[in-house]
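Chains: A, B, C and D, in written order; residue numbering restarts at 1 for each.
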Amino acid sequence: MITVHIQYFAILREQRGLARETLATPAPTAVALYEELRARHGFTLPPDRVRAAINEEFVAWDTPLREGQSVVFIPPVAGG
Amino acid sequence: MITVHIQYFAILREQRGLARETLATPAPTAVALYEELRARHGFTLPPDRVRAAINEEFVAWDTPLREGQSVVFIPPVAGG
Amino acid sequence: MFRISAEPLDPAALQRTLADTHAGACVTFEGWVRDHNEGHPVLALDYEAYAPLAEKEGARILAEARAKFAIRGAVCVHRVGALNLGDLAVWVGVTAAHRGAAFDACRYLIDETKARAPIWKKEHYADSATAWINCATRGDHADRVKI
Amino acid sequence: MFRISAEPLDPAALQRTLADTHAGACVTFEGWVRDHNEGHPVLALDYEAYAPLAEKEGARILAEARAKFAIRGAVCVHRVGALNLGDLAVWVGVTAAHRGAAFDACRYLIDETKARAPIWKKEHYADSATAWINCATRGDHADRVKI
């Protein structure tokens, strides 16, 4: 288990019901963490519509998570 | 002979040395008037680089001149 | 300069930062809160951003524009918070010696910012529904998730 | 609205005339007096216009832009008189529901205005020569007539 700091924005913030949390997770990668949270909180967006950022940089979904990192999941942006 | 009112702009105003004049001319068309004035005042621009306007509208070079019209010769515009 | 602002934007002050006698052209884009979107009456918007990453991505977009186009200066500021109809949501300004580069770069900056910066828009509709734009999933209405 | 102005232009006031909650985009173009042209240092400019015909041609250009692009509002004002470096020579503003039309129409308006409106520019150079732009004839230096 590692501990990570998560910030939620926009639709994910609303579906989670909070803006940030610190939690312990067995997830080895960013996508595994997203799937864990999605199952727990009922996020409507599948991973292929979301991007991950670690320590304020975009990363690939299969990027390994490390202790103490800041993780943000990026729902589709405003666009248009 | 007819009498027309001419306004000069930009390089033609400078080469003519005045901004407007009223004159009597035997010229039957706009282009004939331009050639008459060009010969008299040494305008450097040939007619194919200049346009004519009569009574505040662009006209073709071979447009006949009528008594009392306002004539303007349009050197190349600023462009760019 | 690319910035996320929680305060109202001041276009005149932003444009003054671009003053430059080597520049013959200044093109600006302003995004205004519009009273409709795809046929739905809109009453207000919320913009939200992940500011640190938005500003990093914005700096990359500015660097790309400088590499692609012969521009002199470029600024993009995006508002976050609760906005009303007619409010200024985003301001982009570009200067260049010649206008072609200024137009092309301004267009590039707003297109890439909208496509790539982590900034989200929630629309508030006349029927009191709301939607996060582009966050709909299968089965939702159009591309909206109504909450 | 297309206008020739002997007075300095007020961009903020011009843009306010375009306020419109149906519009999501406002693109503006400003032409500034630049300190060089094709390698020649420029100190100042004179702009001169045949105003009645410029305004008629401008109205035609605006009508063309409205026919070609889905725009809401459009304004073009061109300054005449003696201008110094950095001065605003021309202001174009266009609003539209969507930004593509606003960019395209703004570009169209300035391109057509520069190509077609009877407005002339005289440059004053550092060596005290002057030139009416585009009025050179065979044997003159480049496309300038130095007077």
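Definition applied: contacts are C-beta pairs under 8 Å (C-beta built on N, C-alpha and C of every residue); 3 or more make two chains touch, one makes a residue touch a chain.
From a predicted model like this one, the values you see are computed outputs, not experimental measurements.
Trainee: Please find the path from chain B to chain D through touching chains that uses the fewest steps, and give that number.
Mentor: Contact-graph shortest path, chain B to chain D, evaluates to 1.
Trainee: Return the chain whose centre of C-alpha atoms lies at maximal distance from the corresponding centre of chain C.
Mentor: Looking at centroid distances, B is the chain farthest away.
Trainee: Provide the C-alpha centroid distance between chain A and chain D, rounded to the nearest whole angstrom.
Mentor: That pair's centroid distance is 50 Å.
Trainee: How many Å are there between the centre of chain C and the centre of chain D, using C-alpha atoms for each centre?
Mentor: 26
Trainee: Just give me the whole-number Å value for how far the CA centre of chain A lies from that of chain B.
Mentor: 73
Trainee: Two-or-more-chain contact residues of chain A, please, as numbers and ranges.
Mentor: As it turns out, chain A has no residue touching two or more other chains.
Trainee: For chain D, give me the residues that contact two or more of the other chains.
Mentor: Chain D, residues with two or more chain partners: not present.
Trainee: Go through the chains and record each pair that touches.
Mentor: Per the contact definition above, the touching pairs are A-C, B-D, C-D.
Trainee: What residues of chain D sit close enough to touch chain B in their complex?
Mentor: 47-50, 52-53, 56-57, 114-122, 132-135, 137, 140, 145, 147
Trainee: Residues of chain D touching chain C in their complex?
Mentor: By the definition above, chain D touches chain C via 11-12, 19, 21-36, 85-86, 95, 97, 99, 102-103, 106-107, 110.
Trainee: Would you mind writing out the residues of chain A in touch with chain C in their complex?
Mentor: Per the touch definition, chain A meets chain C at residues 7, 9-11, 13-14, 44-46, 49, 53, 56-58, 72, 74-80.
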